[in-house]
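Provided herewith is a single structure, encoded as structure tokens, for subsequent inquiry.
Labels run A, B, C, D and E following the written order; every chain starts at residue 1.
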Amino acid sequence: MKMARAAAIVLALFTFLGCSKESDSFKIGAVLSVTGPASFLGEPEKNTLLMLQDELNAKGGVEGRKVQIVIYDDESDVNKCVMAAKKLIENDKVAVVIGPSISGNTLAIAKFFAPAKIPLVSCSAAEKIVKPVDPWVFNTPQLDRHAVGKILMDAKKKGYAKLAILTVSDGFGQAGRAVLQELIPAQGLALVADEVFGPKDTDMSAQLTKIKGAAPDAIICWGTNPGPAVVARNRAQLGITTPLYMSHGVASKKFIELAGVSAEGLILPAGRLVAVSQVPDGNPQKALLTKYVADYTKKFGTAPSTFGGHAYDALMLVTEAVKMGKSFKPQDIRDNLEKIKAMPGTAGVYTMTPENHNGLDESAFVMVTIEKGEWKVVD
Amino acid sequence: MNAPLLEITNLDVFYGKIHALRNVSLNVRPGEIVSLIGGNGAGKTTLLCTISGLIRASSGAITFAGEDISRRAPEKIVQEGCSHVPEGRLVFSPLSVADNLRLGAYGRRGAGPRAETREQATEDLERILTMFPVLRERRKQAAGTLSGGEQQMLAIGRALMARPRLLLLDEPGMGLAPLVTREIFRHIVTLRDSLGLTVLLVEQNARRALKIADRGYVLETGRVTLEGPSRELLANRDVQHAYLGRDIDG
Amino acid sequence: MAEPLLRCTDVGVRFGGLQALAGVDLSALPGEITAVIGPNGAGKTTLINAISGMVQAQRGTFRLGADDITFAPAHERSRLGLVRTFQNLEIFSNMTVLENVMTGCHARLRVPAWASLLRTRASRAMEKTIRDEALEVLDFVGLFELAKYQAKDLPFGKQRLLELARALGARPRLLLLDEPAAGLNMSETQVLADLILAVREHFRLGIVLVEHDMDLVMRISDQVMVLCFGQVISRGTPAQVQRDPEVIAAYLGDDED
Amino acid sequence: MSVGYRRDMRWLGGFLVVLLLAPPLLGNNYYLTVLTMCCLNAMIAVGLSLLVGHAGQISLGHAGFYGLGAYTTAALSTTLGVPVGLSMLAGVGATSGVAALVGLPALKLKGHYLAMATLGFGVILSILFNETVGVTGGPSGFTGIPRLSLFGVEFSSDLSVYYFILALLGLVIWVAFNILHSRVGRALRALHTSEKAAQAMGIDIARYKLFIFVVSAAFAGLAGVLYAHYLTFIAPASFGFLFSVQLIVMVVLGGMTSVPGTIAGAFFLTVLPEFLRAFENVEILLFGAILVLCMMYLPDGLAGGSSRLWRLVWRKMFVRAEKDPMEGGGNG
Amino acid sequence: MDQASLLQYLITGLTVGATYGLTALGFTIIFNTTGIINFAQGEFVMLGGMMSVFFMRALGLPEPLAIVLAVAGTTLIGALVERLAIRPVRDCPAINLVIITIGVSILIRGAAMLLWGKDTFALPAFSGAAPVAFFGAALMPQTLWVLAISLLILAGLKMFFSRSIHGKAMLACSFDPKAAALVGIGVDRMVLLSFMISALVGAVGGAILAPITLTSFDVGVMLGLKGFAACILGGLGNPFGAAAGGLILGVLESLGAGLISSAYKDALAFVILLALLFVRPSGLFGQKDGKRV
């Protein structure tokens, strides 16, 4: 009878098998962190994909086929991400996968795609994803290296010699910290303090007090909301006047709202998305950014963040690759992704090669500052 | 004869799957000491718990002072004037003796027919401490540090703080030295004689219980098998054989 | 006179400011039943706890036969043959009756834990031996029929017997019984008395008994020791103690009712 | 008791047969992945049920042991190039060793204090996984862990890894049953009910508590080791305090004292989120509600609930007297 | 190490510690009545902050009114939790109830996420955001508010449990619910009351802390963990211990981050907590033997 009970349990397992039905649509899979700690990435990404799906289908789809995007939430959890990825590959039989939102999850599932012969276009930024190049894996965000390069260029220009860094202890912060630790000495600058805060910490006064003691010329804070907002607030409260650089991870309106007046005067590298109106008219990204911001704001009531843009770019790269080869075969999509040249996206202008599966460079960033609660391009 | 203070008719109680009480009827008249005797597992404690509302009866009626209390919550039953001193004392061991006693009057705070004023409560406390001088000595000590006999007195004192008309006593002599047991039993008689308290008593030592009781009921596997004046039960051969054993006290 | 099985000398236990036991001596002979009586709070249970190692005595020495057990932890004392029961039943309610007694046999047959983990031949053989012995003990106390029942479903009186059987499973040299008759009615107590005598006969062990039920004490004990406020106030045969005026005043009371 | 042992062995046999036959029936790799994760979680949960359900101790740090196994084998096999079989053994060994060191002082604590101590230990471990970037790869994870291989033979397909994990799960369950049906199991249940009485029966309670703590940690370590080589990627987020809590929920939800129940709890909680995926944002609400309702209406866990249901069905379908009154009461 | 920095660490630690302490107080109240650890306590704190934000933004209410409404709303939710999820099954083993509270916390968190989204929000400080210089360290006016209100709540609870008969009646319910019922204490009502009070304390904490710590739907998880740690550090069941435990934990973290390593500050705090438990198995101010196991 216990056997029967076990059988019943396994039966329950079976019953949740949904059968996937074949259709003529162009099926794209997406694994995004719609909930959980990384939901600030996954949610705008999901919104963007849904919006674009409707938009593409309203225009008759891609190469005559309707676009169907199957989105799974990995809850920012690596195990759930693995299962979702397998489900997309095995059950849903998608032609291409977009996502995941976070680097760790991307690294965990990246190796499934070569055997499955399906391309993966990730929305997460870690360098490890595309270096060394996995023929089947691409990513769309600007790399940390480019952001750090931008900041250090600015710091050098202003004559800052001693830098302190304050990074969040999650994947994003760790990746940034590693690049900072590498590039600061490489650029001939001194790293005088290296502090860390937890992603859920609510007060960074202790770290800032310690940094203050090291007397740096500037502080670089690397994290995503809400931590850096707290850092900005604590800096103001402690009366620290040392210039503070932020990372591109906070390039959203939400940060300015959370940090309030403390955000005034902070400098950071950001994609052009945050300050569309200040992008010069001749820029190849201008039209696309203006439309994206307008559409998104209209549909969801808030301005899009650069993270949603990563999903936008991923989907546009994929559809471009389909159009180039007029083929929905995963193998053809992969081959054509590598051939994309000078295609404007929200993050920058993409030029892919078999050696470069990211396709962006430092020009994707502009340095912005915050003035009266608004972004202002400074270079 | 005056109307019974407590009247139980055709009571049935299930304890999980066990049919713990079967069609039990009994009554207790004002000023009486009534003793319940019976073997282990006969349902004596279950009966007391059912009266005080800790266990719900599946059928039957429990009438206390003319009102049906079989569906009331335990704290309401205490407020009606029926206090239960449970088996094993159950004093609040980390609280002080005085706090334990004060909590005894908890149900009488605020409004209600039997509500009392602060002065009355203090007065009651004083009365109990006089009745049990050991408790006065130890009123600031945590109740858990008292000896078994002292805890039993505290438990009774705590119940008396509610100014009950009926006291349900479950095994007051359990685990106590003969001398202490005698003292407790003397107190029970005094309570009846001086305060007019009515007592329903459960005690393993059937002889001792029947000696102070006016009447008794014998409970066997959930049924009342015998009832009558104590003297008759003491003399009953079956009772002697089953519950009284060889008498070494007398 | 035989060599004492248990010899406790000058036992002193203190809880914070309270002197629970002071200068208590106790010796128990093999094949004899030694009763300890006294008012509540006199230190009887503390004495049992100190002997069984549940409470560490600050003063005094304990010897079991040839072994000095003064500093042995409780489980070690049990393994040496000093086994106790509890006043408030401490049966293993989540086991069957048989398992309770088998647990009692725990310490006697030593097979390493990993052997049980892998269910080696030796461990299976041991299980079988233990099982047979446990059934034998259950038969002795009259619980054989109930072996498969959950211990918690047993009526109170049977649980008392089970606690005794469990202790016997450990094949003690000296059995400490802490109020075995508490909560039993008089006829049940008489059955218990006969059983304790039979146990002494059959297992040839010494018994130390703490009890309030004077009927039981007077009937079965060979020696009685009376404790009051942590000190011994009287010793002797049951008859001697019962007549001792100090004992009457402190414990028995004059029999007026 | 041997009757009970035989019954449990029959159950184990049936369980293994069903899971052996499951993959071909399920058809694809996704279900296989879900099933593999179920088996890994079940492995930890079975160990934890010995500790929580039988010995009555609690651990809110088992995710830490799971992670310790995973990181040890990952670091040894990837960074230092130790053969996988050896590094796996080392992973389980290290986990057991650390469990012994922690258990020694921690198991003197009781109840909520023990819960806090184990929880704190789990938190410390997860901070170490997160911060010792040089060893663990930090928050973005440890990549490039070699696949499972023994004696130079690599388990190249997911199916072969699944069968290997299933075999080890079978072994873990077998050991668990052996413990329960032996003097060790009785000693554990004894000290759960009454530490005093257990001591009085000659049981060295400190030793047994430590023993079962180490055994259950070793099971968690084993699961961690297998997980690392199965997924070839690990990240600290999988070994945090929330997973420890989830493990306890699996054990309690399944029915603390029943091994089959615990396994059912582990399977249920692993599969449930996959099930609920269709509900998107409402998923978390449903998950919470299902948890609360299960606990409210199945106080004995899935094991108790299913045996109650089964008895009902049994009686309805075959109208005959039950021969064995002890049947259906779960184990232990 | 200069004194101003040290003082700064201390101030920071006390502010963060007050967060933990207030959560720990909530734990204590429910534990003292029912003997269970309510894992949804952190969610009460979250609700206090998030509902204040909601009332201010969505309904445009002034801050004090928004906070009062948020506290009232959370108290109501506390009552609902007890009535719907705890009372029907109160006779279950404690571990089942604890798991139910875990489920409830997931439920509340999910509902908050659906209602108010996943964003983080800030609440304006009660009396300005300009820091006050204090012996070279910066002190926020809000910190003073937090410390003062926390102290007030602590004093109130201490009084309630050690002086008032109702407080003692609540304690009695946890020592022995059966005996409590038999002396006329309505155990159901006491448990309900305890959930309401601890929801109230949590919500007040959430509201006064939101200007400093920001708030979002998921702040409850971490607060629950730290609050529980604070409770144990101080000795379970003792409100004074809980508050002190919270403050000590906060200061430990802050000093750890400032003097030793910000990466390991949490680990450091837990190492000290563990070491302390091994020496004093029932917390700093706990009774010698855990009265409940």
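The rule is simple: contacts are C-beta pairs under 8 Å (C-beta built on N, C-alpha and C of every residue); 3 or more make two chains touch, one makes a residue touch a chain.
Because the structure is a prediction, the values reported are computed rather than measured.
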**OP:** Would you mind naming the chains that touch chain C and likewise touch chain E?
**Re:** B, D
**OP:** Return the chain whose centre of C-alpha atoms lies at maximal distance from the corresponding centre of chain D.
**Re:** B
**OP:** Name the chain whose C-alpha centroid is farthest from the C-alpha centroid of chain E.
**Re:** C
Original post:
In angstrom, rounded to a whole number, how far apart do the mean CA points of chain A and chain B lie?
Top reply: 73
Original post:
How many angstrom lie between the CA centroids of chain D and chain E, rounded to a whole number?
Top reply: 32
**OP:** Round to the nearest whole Å and give the separation of the Cα centres of chain B and chain D.
**Re:** 50
Original post:
Which chain B residues touch at least two other chains?
Top reply: none
Original post:
Residue numbers in chain A touching 2 or more other chains?
Top reply: 35, 169, 196
Original post:
What parts of chain E, by residue number, touch at least two of the other chains?
Top reply: 113, 221, 263, 266
Subject >> Pairs of chains found to touch, sorted by chain label >> reply: A-D, A-E, B-C, B-E, C-D, D-E
**OP:** Provide the residue numbers of chain E that touch chain D in the complex, in ascending order.
**Re:** 37, 85, 88-89, 92-93, 95-96, 99-100, 102-111, 113-114, 221, 225, 228-229, 232, 236, 263-264, 266-267, 270-271, 273-274, 277-278, 281-283, 290, 292-293
Original post:
For the complex, which residues does chain B have touching chain E?
Top reply: 52-54, 73-75, 78-79, 83-86, 90-95, 99, 102-104, 106-109, 158-159, 161-162
Original post:
chain B touches which residues of chain E in the complex?
Top reply: 165, 168-169, 171-172, 175-176, 178-188, 287, 291
**OP:** Under the touch definition given earlier, write down the residues of chain E that touch chain A in their complex.
**Re:** 2, 5, 8-9, 11-13, 15-16, 19, 113, 118-122, 129, 131, 138, 140, 209, 212-214, 216, 218-219, 221-222, 253-255, 257-258, 261-263, 265-266
Subject >> chain D-facing residues of chain C, complex >> reply: 52-54, 73-76, 78-79, 83-86, 90-95, 98-99, 102-104, 106-109, 111, 113, 116-119, 123, 126-127, 130-131, 148, 166-167, 169-170
